[in-house]
Each structure stands twice: as C-alpha cells, then as structure tokens.
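Sharing a structure below in structure tokens format, with a few things to ask.
Chain nomenclature is as follows: A, B and C, assigned in order of appearance, with residue numbering initiated at 1 for each chain independently.
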Amino acid sequence: MVLLIDLSGLSDALELLSLSPPGWGSNLLRGLVHSLQIAFGAFGMGLVIGLFGAYGKLYGGPITRDLLAIYTTVIRAVPELVLILILYYVGTDLINKASQAMGYGRVEISGVIAGIWVLGIVQGAYATEVLRGAIKAVPPGQIEAARAFGMPTLTLMRRVTIPAMMGFATPGLANLWLIATKDTALLAIVGFNELTLETRQAASSTRAYFTFFLAAGALYLIVTLGSGVVFGRIEKWARRGQPSLRGGGR
Amino acid sequence: MKLAKILGAAILASVTSVGIAAAQEVKVGIAAEPYPPFASLDSSGEWSGWEVDIIKAVCEAAEMDCVITPVAWDGIIPSLTGQQIDAIMASMSITEERMKTIDFSDPYYNTPAVIVADKSMEIEPTAESLSGKILGVQAATTHQAYAQKHFADSAAEIRVYQTQDEANQDLVSGRIDATQADSIAMSDFVNSDGGACCEIKGNVANDEAILGKGVGVGLRKGDDELREKFNAGIAKILEDGTHAEITSRYFDTSIYAD
Amino acid sequence: MSGLRAMMRPHRLFLMALFAGFVIWCALSLRWDWVPKYAPLALEGLWVTILLLISTSVLGFLLAVPLGLAQAVGPWYLSAPARAFCTIIRGTPLLLQIWLLYYGLGSLFPQFPWIRSSELWPYLRQAWPYAVLALTLSYAGYEGEVMRGAFSGVNKGQLEAGRAFGMPRFTIFRRIWLPQAIRNVLPTLGGETILQLKATPLVATITVMEIYAVSSRVRAETFIVYEPLLLLALAYLLIAGLITLLFRRWENRGSANPELPRTRREKNLPLEG
C-alpha cells in the first residue's frame, strides 16, 4: 500500500528531492557532507584517543589504567544522546571560561568542530577497547624480538605493533566508523545542520515526512554500503601475508 | 603510518582553526526548527520570515554586525548562558521564570495564545472543554507551562513535542485533539494546505505570570550594554515605521501592542 | 575477598577519595532543590525506560531467531529479505527510523479516513506502540545478524546425530540447534541489551515520557542544565551495571551445565579404563 502511494506521488517526490530550488535535494546533500565531515573527524580523533588509551590500558601505571577503565565504562554505559548534551554544553562552556580567564575573549566554535569533539570522545572509548584487543592479539614474540634488537619504543610502535595489529583491528574499526556515521544523526537534537536535521527541516516545511525520511535513509544506506566495500579492501590490504581469519578450513 | 599522520594533522588543524571571535560580532540565536511565519528555512538553505526580517532591521538600526545562528530550541537558553550565542530572537516570551536565568530587552511583538483543533470538534479554550482530550504543546514554551498549570488536571494527556511543526503534524493526523500555541503561527498554519482540517477555537484566558509580557530579545544576565543597543534598535524601528512595514508584508494587522 | 583487597590498594583509595570529593562538591555547590518536585515524574520515567528496555529486547530477540535462521539455512526467498532487513536496520540511524515510523506513517493517516474508525485507532494515536515497534525492529536487526552466526556455528555433527536418532526436524531445532545457538550468543546478549538501553532515550523525540524526557522537562522548566543530566547519566550507569551483573549470573549458570557432563565423564574415566 505504501508503495502504491509512493508511485502515485512519485513525480511530486522527485520534484521535492530535485537539486535546485524548489527541490530540497541540495539541502540534504549539504547535510550529508556535514555528517561525513563530523563522522570522519570524530573517527580520526577516536583513533588517536584509542591508540593512547589502548597503550595506557596495556602498559600504563595503575592510576592510568583505573582512569581509563572509568572512561571506557562510563562512555559505553551512558546513552550517546546524554553524553552529547553533557559534552556539548559543559565543553563549550569550559573552553569559553578558560579562554576568557586567559584574556582571549570568546572562542568561536563551529558546529562541525563541536560535533567532532563530542563524538570523538565517545568514539575514543570504543576505539580504546578495539585497539587494546588488537594489540593483545599481536604475537608477543614479535614485540619481544624488536625489543631485543634495542628498538626504541616509538619505532617499535610504528614499525612493529601498529602494522601487525592493523589486520586484527580493521573489522572493529569498520564497525566504529559505521557507528560514527550513524551517531552524527544524534547531533540533530542539539541543532547541528547535519543530514538528519536538514531532513527534519525539509520534512516539516513541506509536510512530506515520508518522502524525506526515506530519502535520507537511502543516503545513509549508500554511505554504509560504500564504507563496507572500502573497509573490505582495507582489511585485505592490512592482512596481506597473514592467514585469513574466516573460512580457513573450507 | 601515513594514515595516522594525516589524520592527526587534520585533527590538529581543525582544533587550531578554532578562531577568536571578532569583538563586534553579535550572534543572534534562532530556533533551528522552522517556525513559520516567523522564521522558516527555504529550499535554498536561507532563513526567512517576519522575525528574521526584524532581526536584520534591529541590527541595522542599532549598527550591530549580527550573525543568525540556528540552535536547538530546547537548548537555546543554555546556549546563551554557555556563550555559544549572544542574544535570542526566537519568539521567546518575557516571563518571570525565564527572568531568573536571563535578561530581556523591551518587547518587539505581543500576541495571544490560542487553542487549535479539528473543525468538526466542539472545543473551547477552557479546562472543562478540554477534559478527556489529548493536548499537544511544544517543549520549553510558555504554552507547555500554561497547559501544565491550567489543563493538566482535566485533559487526558498533555503531549510534549520538540517542535510546534510536529505537534501540528499530529493534530492533522488525528493523534492529538488540540494544540495550544501562538495565535499568529497558528493562523498561518490553519490557512495553509496542510492545516485545512483545523481552525482556531479562541484565545486562552491570559495568565501573565506564565504567558509573559510579549516577546523580547533574550540576553545574558548583566549584558547591559548589548541590551541597551537592542532596546535602541527596537525603539528606532518602531518609530521610523520599519516594524510596521515588515509586519504589513506578512500580516493584515499589527502584532505590536504595549 | 581478593576483590575487596584490590579495592584497598593505595592509588584506588586515593581515586575513591577524589571521587567522594567530587560527589560532595556536586551535592554542595550544584542545585538540587528541584529533585523533590520532579522525583515522582522521574520514577515514572524510569519505569517506562525499564519497561521499554525489557519488552523490546524480548520481542526483538524472538524476531531475531527466525531472522537468523532464515539467513543461516533458509532458501533464497527467505534469506534475501532477512538479509536486506538486517542491512537496512543496521545501515541507517535509529533516530531516522523512529521518525519515519512515527511522523512518516502519521502523515499518511489523513489520506485514509477509515483508519480513524478502526479498532486499532486508540493504539495508533499513542506514541508508545511506535516506540516499541521501532526499538524491537532495531534490536531484531542487530541481533538477527548475531543469530545468523550463532546458528551457523553449531556443530553439524550434533544435528546429524539427532537426525540419525530419527528425531523430527522441529525437535532437532528445539532440543539441539536453538539451545546451542542461544548458548553461543549469550556472551554478546548483555552487550546488546546495554546498547538497547542506550537507544531508549531516542523515543523521547516522539513524545514518550521516559526518563530522558523527564530530564529534558526539568531542564526546560527550571533552566538547570547540568544537574539533571548528571543524575540521568548516573541512572543509566546503574541500569547498565545491573544488566551486566544479571547477564554474568545467567551466563555462569548457563555455562555450568555443559561442564557437568564433562566432569562426570572425567570422574568415570578411571573406572572405565
């Protein structure tokens, strides 16, 4: 039945979605670009936090480890929506107060930066766990061998640990990237102009809720499926020279 | 690890690109959710409407460099106190409750609150008439506060929406029996294609403590310099006819009353 | 005992002192005068959240079993739609799904006047059926994917053994396949349920009055920003902790059973030898 309605209203829907005004297509695409920017930035920031977090959890002192455990537990137990609100209001408030205390006046924080910052901290907690698991999966003999050669810690990390763990980490990281793209939708609730908010604005301006939500869903799905292909390639590349994880015996 | 390096550099660049705001720039916050005919987004991504025109006129009259900044409505006061914006011009009524947290300029418009319902439904804007009915209101508005005080006991349910548009949508779909909102916004709605089902059933009895004394510019407490500027701007556009001219472009009657 | 001793290590004591200091600071310098007024509403909201969590997890799991089965062994006309469903659910944000279900469907009602006179109308008017439906479908989509792996992971020899005994297909499924698949997913179920908990506040955007919506209302009415959010985060932490404990218990009990025959057999071993 839904399909029938959509067919009869297809030309209307196409008009609403066309790229030039009065169509809202370009708004949706602009929202998609913002979403992807935020997702990409947050994913990157999550990776950096995750790398330090994973090393801290594995090799850090007792206090570092406890603090990291609190960080990952809290972030993974509290809904992203609540974290976004807390980090968004507290974060920008604190930055402004600090900047004013140092006599700089107010700091301008664009929506994209704030979104990256907020989602990056959330992503960092998950990335910490993914990377910790991946580092632990690296045969300890490889790391010990490098140490025995007298390799400095940073070189060891760069030349041995990270390349060796990439294969183990890629599936988890791919999952995190998908979470990042979907979590950008939550920023609609604090008023960022990303895809979901643009969709909501378009839908309520035209009352064509069904058309616009379906269109946005299709855009998200394209991103997800596209990323799946890309990450499949990355995983193949990262695991070159290693036995396949799946289907070894078949 | 080139990838990690590039990512790191990108993040560093984005963090350091956080600039220091120009001193004169005033960020005027509006609700990110469309609120026709006061502020709505067109398909080219531009905000327009009566209030947007008024913002531009006031800023020009007060010689301020204003930037319109959309913020989620239910977080607009925290955004002001958290310094993400400097002023709120989003049809925010001047109420005592809000005055505890923020300051207001002089009012720049004043309209009553109305009840809207389906044409076939016999509803009056009173508690008795709404008994057993589902009433929809927008979150964090004077209407929500009013409904919760005056109608909560008699109505079957008071449903709280994030935007008035969504409440209107549910009124059309029949999920709620009535909605309470601003008279101008509602007359725009019932005259649109989407709102043809419904009509304005009348004004609710005034309760100034809750509904407030008109709509003003919301400002941080103690930001007196900016308040004086906005007051001067509002006085000027009222005096030189700009306010009336903008109003006549959108409405038949004046929406400013002392 | 060892857990207690681990807690008493000096740096932990220091961290706990810091935490206690933070709690005292929160209690003294933040505003909590709104709590008594909103406490009944908050409890109601908490109840709605828990009810939503339990009902949608159970319903979602029931739906995930056929979804997983269809993908693992179903013919193409069953496995293809099941796979498509899981991909769509997992590939789009839940917030969008909720809005599509609630506002998208709602915008179609006026075109079909008969809906309003149908028996279902009193339910269609409410927000919670949409919330339950959206959360159930979401859980089913994610868990269906997990169940697919779980069904494929069951040792084929066991199924063949069942068949060799002349067990009917449904009995094999009920007695051998399903219990083993569930045991396979048990360790992931706790995590999935916490993810589901974290999804519940999204239904506040379609007017369901759960605990997050209550905190939003406090924020909107009192203009107090951080305190309700902090308390809300604490509430979610506690619920998540409870879920973890419950599932750990369940898992321990579940894994105790397969151990039993083995230990018994080991005990019997010398006698046989």
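We adopt the following convention: a contact is a pair of C-beta atoms (placed from the backbone, for glycine too) under 8 Å apart; a residue touches a chain by one contact, two chains touch by 3 or more.
In this text, all values refer to a predicted model and were calculated from it rather than measured experimentally.
**Student:** Taking each chain's centre as the mean of its C-alpha atoms, give the chain farthest from chain B.
**Tutor:** Relative to chain B, the chain with the farthest C-alpha centre is C.
**Student:** Looking only at C-beta pairs in contact, point me to the busier pair out of B-C and A-C.
**Tutor:** Contact tally favours A-C.
**Student:** Need the CA-centroid distance for the pair chain A / chain B, whole Å please.
**Tutor:** Roughly 33 Å, centre to centre.
**Student:** In whole angstrom, what separates the CA-based centres of chain B and chain C?
**Tutor:** 37
**Student:** Distance between chain A and chain C based on Cα centroids, please, to the nearest Å.
**Tutor:** Chain centroid spacing, chain A to chain C, equals 22 Å.
**Student:** Which positions in chain B are in touch with at least two other chains?
**Tutor:** 78, 81-82, 162, 166, 169, 172
**Student:** Where in chain C do residues touch at least two different other chains?
**Tutor:** 103, 106-107, 205, 225
**Student:** Where in chain A do residues touch two or more of the other chains?
**Tutor:** 85, 89, 189, 200, 207, 209
**Student:** Which residues of chain C touch chain A once you look at their complex with the stated criterion?
**Tutor:** For chain C paired with chain A, touching residues are 9, 11-12, 14-15, 87-88, 90-97, 99-100, 103-108, 111, 194, 197-202, 205, 212, 225-226, 229-230, 232-233, 236-237, 240-241.
**Student:** Within their complex, state which residues of chain B touch chain C.
**Tutor:** 74, 77-78, 81-82, 97-98, 100-101, 134, 136, 139-140, 144-145, 159-162, 166, 169-170, 172-176, 197
**Student:** Note which residues of chain B are touching chain A in the complex, please.
**Tutor:** On the chain B side, the touching residues are 1, 4, 7-8, 10-11, 14-15, 17-21, 23, 32-34, 36, 40-45, 70-73, 75, 78-79, 81-84, 162-163, 165-166, 169, 172, 193-194.
**Student:** Spell out the part of chain A that touches chain C in their complex, as residue ranges.
**Tutor:** On the chain A side, the touching residues are 2, 5, 62-63, 66-67, 74, 76-83, 85-86, 89-90, 178, 182-186, 188-189, 196, 199-200, 203, 207-210, 213-214, 216-217, 220-221, 224-225.
**Student:** Per the contact definition, I'd like the list of chain A residues that touch chain B in the complex.
**Tutor:** 21-24, 26-27, 30, 41, 44-45, 47-48, 51, 85, 89, 92-93, 96, 99, 104-110, 112-113, 116, 158, 162-163, 189-191, 193, 197, 200-202, 204-205, 207, 209
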